[in-house]
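One structure is given below, encoded as structure tokens.
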């Protein structure tokens, strides 16, 4: 995979809200990312000086879409880095490196993709569905959080408080499916607890799954060895060996 | 052209050990990385005798103007390094400096002997920041330990030996002087400063898998400048200065206080092309000051 | 109420020595300062035997997430301190901790004897960061030096003695243990880290009148946390933790790793009411965690 | 002098440009400052993360005017702190502590005030003239820099390049005055070199002068002992003993 070496500065082209989330579109001539890939992003101005004098490092953000000279991201304001990125105005500059990492591998013909996502971990799935189809099962805390489901075609929903869709976990929806179907591959991203729940379920039902992981990252391109996850083959870097891993290799 | 321990370098900016895995970067950025390699020399990540997995994750924490890492020196061990990495690194077309660490003088000796056999290796950097089993301190934290170490390894090779000093010491200049007296061809500093972060939640539990880690980035630059200045004033051998360099202006300051070369570490995480950028800014800076 | 070396304190936040001149602050903010005094105890700026003018200006430099100072311990000397300052400080209605520094054990002894005579003084903090003429190191940088110092001063008073350790050392826990073994009632840390800045212009000329200075502020917080944790794990006496605290969350982390009290230094420069703010945030933090 | 103890957060009320300078007006109920006094200012958001990850400390800024619940400042963008303050938008919040320091002492009746200023060191003089009158002599690099002279009534100008007023230093204008007049007091602020030139001239002519100094500051309220200047009575803190000093005490 070849990508531009080093940082580039581009203007923000668009910014819109989906419920409590922000969609950020950035001009990027060769917008060629695969679902599951990510960029490292930092604002050019005002990066730093937030809570505890952060952010210092760029932030890993999954690609939501990549087309027509624009790459898009879905952000939730959870800390100093996402706060700054969510507040970017149209015309402001960002540093970006990417696309980075190994994305999802589409299923062979005849096998349906089941997309299991939660919270802000849905952009890779939305992009995947857009390109390869598949049934989305999405979990959120409340209906307010669930507004990001609008990025999907015909998703099934679960919310913790039952304010939208099934009351309970998204893995309940997956359980129902796994009881009846074997001709599927599961694609999942979301919080660690959700991914673990998916991993143990697919293992029990011997269904293949690809999990998109997150880890604290400094560089995003394999330079620092900071983002490792334990696998059957030892520690692997999430940024270059992932973020998508076969569920079977994760320990 | 810059001369450093008899090695010719294109410019004065090299990478800090462990902050630029060139094999991964080439996979990501393609051959452009080799064609426009950002550094005037390539310093390997620390190599140890046996393979090391490194510390359990999480390994990173961001702090005010910097970061803390507890990577824990993962590496495939010296045999795999010699068999597979040295050849790849030699392809970069810049001199290769191999960084090694042992937990005793004997381990260092074995590493230096093995690495020195290889023609591709231009110089060897001794990372003496490993805790000494006997004293609990870093091997490099006291001058006597350093002198003893060099007495063992210096006779083993004629290749330049660079001693990478630890900043976690009361008197880094005394350590540098000991390294010089023992026959080191150069010293490099600073390594990361011992630091800690806690897991969110309030139970005093360390966040990092290695419990403590090392602080790097702009936060430590003023400390690096003081240590480099005090070392450069004390020893005659060349000094590789590093710690928090993110611009040509930062690099120029290390050179002003006496460093021969400057290494860029954490800034490469923010900007993969930081090495070339800093070198270019440095050249512009000197052109301006000369004018 | 918090107990510290037999002293009762309203809360766990005190000022760091040299970071809050209460006489000037009262002139500026009026009696409101005394009525709403931000700290649970008042720690004086370092007092020496003879008056000191301090270092020539400039004395300040701003660095990434922090600052470097080379104030140089200006003070009117112990006689003027006792005659004019102690009485004023006693008016604050919080316990007074007098910070003293000598350049030898004999000077420390004289200072401790003079200060201990005064009833208004609740405790004495020994600032051992002065360079030792014999070794070139800070007196507090090696455990033996600390033990020798305490052997001289401990017998001179029954008031609590707090040893303010230097962070510029290889093993701060060993220094703390030496202080405890010598009879210290508490230790405090961290003092500033040795750092440097250059005058703009490019000639390697130090900016600060004192050539080097001390780094403080958020940049050093992760280093402080590591040092406080290692000291608190080693000694049984109470620990006063400081270094880069700017919020209740920062203070809570120092307490989590074992500090009994927290001191606020540089943050008071950004916010004169930082002491009360940090104490209030800390109280809210604990109320939340208890709920 | 009593001022509010501690920081307060107020909205920016107004912001306008005078040539290359920015005038910042901030809501402050008790706007009671004297000419020569200053505030410590910091933006609430985006303070930090600039050049070399600065600013960290608040910045000392002289009062330009203080009236009708508003205190005004004149800023020139010279570094990360003034850059951020110059970029503050209406409605953004700032931390402020002040008014601080000892201002100018007005001349006795029958004595004329001669106000000598240069560059961005003119706000205390503008405020002084507004309250107590006096003849302003102002020096700037070019006519573009000289636009801030519009803050004064009937100023005499000098510019380095002669593009406005006298070509040369503002001290040339002062020299002419000192040749003929003794019934004056000089009030000066500006760059160190200008202040030194003023100091030696008034000493030679035995005319009293009050100089407003600058020094790197951390706290602005006497807490850190960082801002000292050498005087006949030893080091004095510019923030609490100044910023205005009698020229005769400075060494």
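In this document, chain identifiers A, B, C and D correspond to the written order of the chains, with residue numbering beginning at 1 in each.
Simple rule for what comes next: a contact is a pair of C-beta atoms (placed from the backbone, for glycine too) under 8 Å apart; a residue touches a chain by one contact, two chains touch by 3 or more.
On a predicted model such as this, the values are computed, not experimentally measured, just so you know.
Asks: Return the chains common to the contact lists of chain C and chain D.
Replies: Looking at chain D and chain C together, the chains touching each of them are A, B.
Asks: Out of A-C and A-B, which chain pair has the most contact pairs?
Replies: Between the chain pairs A-C and A-B, A-B carries more contacts.
Asks: From the C-alpha centre of chain B to that of chain C, how far is it in Å?
Replies: Centres of chain B and chain C (C-alpha means) sit 34 Å apart.
Asks: So the centre of each chain is just the mean of its C-alpha atoms; given that, what is the distance between chain B and chain D in Å?
Replies: Here the centre of chain D sits 47 Å away from the centre of chain B.
Asks: Can you compute the centre-to-centre distance for chain A and chain B, using the mean CA position of each chain? Integer Å is fine.
Replies: 34
Asks: Touching two or more other chains, which residues of chain C qualify?
Replies: Counting only residues that touch two or more other chains, chain C contributes 61, 63-66, 217-219, 221.
Asks: Could you pull out the residues of chain A that touch at least 2 other chains?
Replies: Those would be 48, 52-53, 55-56.
Asks: Just say which it is for the chain contacts: an open line, a closed ring, a star, complete, or other.
Replies: Its topology is that of a complete graph.
Asks: For a test of understanding, state which residues of chain A touch chain D in their complex under the given definition.
Replies: Touching chain D: residues 45-50, 53, 55-56 of chain A.
Asks: Looking at the complex, which residues from chain B come into contact with chain A?
Replies: Touch residues, chain B against chain A: 18-21, 23-25, 27-30, 32-33, 36, 45, 53-54, 56-67, 69, 71, 74, 217-218, 266, 268-273, 276-277.
Asks: Which of the residues in chain A end up touching chain C in this complex?
Replies: Touching chain C: residues 52-53 of chain A.
Asks: So in the complex, which bits of chain D are touching chain C?
Replies: By the definition above, chain D touches chain C via 1-7, 42, 48, 52-58, 95, 97, 100, 215-219, 221-230, 234-235, 237, 240.
Asks: Which stretch or stretches of chain C touch chain B in the complex?
Replies: Residues 61, 63-66, 68, 136-138, 141-142, 168-171, 193-198, 202-204, 212, 215, 217-223, 225-227, 229, 244, 252-253, 256-258, 285, 289.
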